[in-house]
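Both complexes below contain chain A, partnered by chain B and then by chain C.
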Partner chain A sequence: MTALRVLAKDLKLHARDARFLATLSLFSLSLVLILSVAFGPLFRDPAREASATLWAALFFAGVLGLTRALDLESESGGGEALRLTGADPFSVYAGKAMANLLLMGALWVLLLPCASVFFDIGSLRVFPALAGVAVLALIGYAAWGTLFAALARGLKARELLLSILLFPTLLPLWIGAVKLTHSLWAEGSIDAVRDWVKVMVVVDVLGIALAAWLYETIQEAGE
Partner chain B sequence: MSGEGWAAKIRAISWALAALLVAGSLWMAAHAPLEVQMGIVQKIIYIHVPSATAAITAFFVTFMASIVYLVSGRNWRWDAIAVSSCEVGMVFSAIVLVTGPLWARSAWNTWWTWEPRLTSFLIMWILYGGYFLIRSSVGSGSRRDVSAVLGVILFVSVIITYMSVTWWRGSLHPKSVTMVPEMRGVLSISIIAWLVFYAAAFQERFRLETLRHAAESGEDAR
Partner chain C sequence: MTLAARDIEKRFDHRVVLRKASLELYPGEILLLRGPNGSGKTTLARILATTLAADAGSLTLDGRPVRQILGDSRRAIGFSGHRPLLYLGLTPIENLEFFGRLAGISDARARAARLLARFGLEEFLGHPMEHFSRGMLQRVALSRALLPEPRVLILDEPYAGLDDQGSETLNALLLEARGRGATALIVSHDREHMVPGLTRTCALRDGAVEVSA
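So, the complex of A and B:
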C-alpha cells in the first residue's frame, strides 16, 4: 500500500513537471535521430543498428529521469516527510522504482515507433514480444537505477557518477535487450538468443534483492 | 617494546618478505622453460595471473569488510579495511589491464578484443573507480555507509568477471591453463609472492587510513 502511495506521489511530481518531461522526450528523440543519421542513410543491418540505437537512447535518457525524481522530492521536501512517516524503506524503494519503470516505459513507447520509422524496420506481429523484452529490461533498469540514484542523491555531478556506476553494471541487461530486440526484428523470434532472457531475469532479481537488503542503509545515509 | 614498535617491525618484515618473494618469483620466471610459440612474451603470465589473483582477493576483502561493517555496528575499522583493500586492488587491476594487451598482441595479434573476460575485467575496474569517486563526493557523515553499500554491490562485477569464461561462449581466456610442471610451479610461487605483496601494501594503506581517522576524529588510532 505504501509503495502505491509513493508511486502516486512520484507520478504526481512528474506530472507537475511537464517541461522536464518534454525536454526528456526531445532529448531521447534527438539521440535516436543522431544515431540513425550516423548509421545511415544506407543501413548494413537495420535490425541490429535500430535495436542498439533504441536501447542506447533509452539508457542514456533514463539517467536524467532517475535523478530528476529525487531532485523534485528534495525541492518539495517530500523525502524528509516520507522518512518522518516511518514508512517501510523497501516500500518507499518499490514505489520509486515503479514510478521510474513507468517513466521509462513511456519513453520506450515514444522511441520504439521512431526507431522503427527511422530505420525502416519492424512489424506489429512482434510487438507483444518486444513489449516483453522491454518489461524485462526496464524492470532491471528501474531496480538498479533507483538504488544507485538514491546513493548518488545530493552529490555534485550526480548524473555523471550515476552513469559511471549504472552503465557498466547494467551491461548484461543492455546486451540482452539489444540481442533480443535484434532477433525479434530480424527473425521474428528469440529462439537463437533465448539464454539472454535468463541473464536479464538474474540481473532484475539481483537488483531487487540487493535493494531489499541495502536500501534502508542508503536512506539512513542520505538523512 | 611498545605497540608501535611491534607494528613497525611487522611492517618492515612483511615488506622485506614481499620484496624477497616477488624478486625470487621474477628470477624464477626468467629462468622458467621458454614457451615454443610465444617465446619470451609468454613470461608475462607470471605477472598477469598473480596480479589478477591479488586484485580479486583485494575486492573480496572489500566485499567481506563491507558486509561486516554493515551488520556489526558500523565500526570504522571495517570501513578502513574495505577502502584500503579496494585501493590496492585497483593498482593490481591496473597491472592486469596493462600486461593483458601486451600478451594479447602476441597471442591474438591484437592489443584489445571485446571478449568476455577482458570486457568484464575493464568494467569491474571502472566500477571500482566509481567507488572512489562516490566515496570522495559523499559528505563525511554518510561516507562509510555509502562505501559499504557499494563494496557489497560492486562485488557482483567480480563474480561476473570470474565466471565470464564459463558463462559466455567465445572467450579467448582458457578455463584452466595447461602447462608443464616447471611452468606451473613457477606460476604457483608467483601467485603466492604477489599475494604477500598485496598483504604488505594493504597493511601499509590500512595504517594510513588509521592515521587519517585519528587526525579527523582526534581519537587514538591504535
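So, the complex of A and C:
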C-alpha cells in the first residue's frame, strides 16, 4: 500500500504542474522534430532513424522528469517528512519508480505517433510488440533513474551527475530498445535481435535488485 | 519513552557545531532548549529527530540505539523544523492524510481535519499550499508533526510565524500531548512566547548542553 500511496502522490503532483508537463512535452517533441529534419528529407533507413530518434528523445527528456521528481521531494522538505513516517524505504522507492515509469510511458505514447508520422513509418499491427519493448526499456530507465536520482539528491549539479551516471549505465537498454523497435518497424518481428530482450531484462533486474539493496543506505547517507 | 543523546558530536566542514552534547528527554516533560543563533540548536534537534546523522555519540530510544530501530523510532518521534516538510502542490488535508496513512493511522483524514480546524485552517483544507503565508504553512507543519500523536515531539522554533491564536492552540496541544505521557523538546531563541508546563530549560553553549533551570 505504501508504494501505491507514494505513486498516487507523485502522479497528483505531476498532474497539477501544467508548466512542467508542457515543458516536458515540448522538449521531447522538439527533439523528435529536430532529429527528423536532420535525417531528412530523404531517409536512407527510416525505421532505423525513427527508432534511434524516438529512444534518444525519450531518454533525454526522461532526465527532466527525474529531476522534477527530485525537486518535488526537496523543495519544501516533503521527502524528509516522507522518511520520518518510518515507511519502508523500498516501498517508497517502488512508488516513485512506478510514477517515473508511468510518466515515461505517457511520453512514449505522445512521441510514438509523432516519430511514425515524421519518418513516415510504422503500422498498427506491430503496436502491441512495440509497447512490450517500451515496457522493457522504461522499467529499466525508471528503476535506475529513481536510484540515481536519490543519489544525486541535494547536490548542486544534480542534473549533470544524473546524466553522467544514467546514460552510460543505460546504454545497453538504449541499444536494445533501438534494435528491437527498428526490427519491428522494418521486418515486423524481433526474431533477428531476440537476444537483446535478455540483455534488457538483465539490466532491469539489476536496477531493481541494486535499489532493494542500496536505496535505504543512499537515502540516509544524503543527510 | 526516553530519548537519550550522549556525547553527540557534529561538524560541518571544519566548524565544530556540537561537542559532546548530551540530553535526555523523559516521558511527560516539556523541555525548552535555548541558545544564540548558530549555537547548534537546530543541528541537535535534527539529530534527535533522526533527520541528520551525528559524527560521534549515541542516540537511544528506551535504551535501544535509534539506528537499529529506525522505522519504529521515526514513528515515535514527531518533528517540525525550519522548513515546512510538506508537499506544496498538495492541499493541507492531502498532505496530512498522506503522511498519516504512511505512519499507519487508519483515520488519518478525520484526525487531520480536526487538527487543522483547531489551527483555524478549516477554510483552507482543500487549497494547494503554494500561496500560503509563512504562518499558515507553520500551522500545517505543526499539524503534520502532531498528527500521529507521537511519544516524543521535537519542535524547532514552533512559534515562528504564528499569531497569538496559533500560539495558544499550539500551547494547548502541547499540554494535551504531555497529558498523554508524551515528551516535548521546544527549541527556541524567542523569549516572547511562554511555553506552558515547562519542566526544564537547557541552553547550548560552545556545542554542549547546559541545564540552566
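Quick notes on this one:
Here is the rule we go by: the second predicted complex is superposed on the first by the 222 of 223 C-alpha atoms of A that agree within 3 Å, B and C clash if a C-alpha of one lies under 4 Å from a C-alpha of the other, contacts with A are read in each partner's own complex, and residues count from 1 in each chain.
Keep this in mind: contacts are C-beta pairs under 8 Å (C-beta built on N, C-alpha and C of every residue); 3 or more make two chains touch, one makes a residue touch a chain.
Just so we're clear, the structure is a prediction, and the values are computed from it rather than from any experiment.
In the superposed model, A:A192 makes contact with neither chain B nor chain C. By the touch criterion defined above, A:E220 lies against chain B and chain C together after alignment on the C-alpha atoms of chain A. When both complexes are overlaid on chain A, the residue A:V109 reaches neither chain B nor chain C. Once the two complexes are laid over each other on the shared chain, residue contacts for A:L26 go to neither chain B nor chain C.
By the touch criterion defined above, A:P172 lies against chain B but remains apart from chain C after alignment on the C-alpha atoms of chain A.
In the superposition on chain A, A:I34 makes contact with neither chain B nor chain C.
In the superposed model, A:A152 lies in contact with chain B only, and not with chain C. Judged by the touch definition given at the top, the superposed model places A:A212 against neither chain B nor chain C. The intersection of chain A residues touching chain B with those touching chain C, taken from the two complexes, comprises 220, 223.
By the touch criterion stated above, chain A contacts chain C in their complex at residues 1-2, 5-6, 9, 12-13, 16-17, 72, 75-78, 80-88, 220, 223. Partner chain A is touched in their complex by these residues of chain B: 70, 119, 123-124, 126-127, 129-130, 133-134, 137-138, 141-142, 145-146, 148-150, 152-153, 156-157, 160.
Interface of chain C with chain A (complex): residues 49-53, 70-75, 77, 79, 81, 83-90, 94, 98-99, 101-103, 128, 144. Put simply, chain A touches chain B in their complex at residues 147, 151-152, 155-157, 161, 164-165, 168-169, 171-172, 206, 210, 214, 217-218, 220-223.
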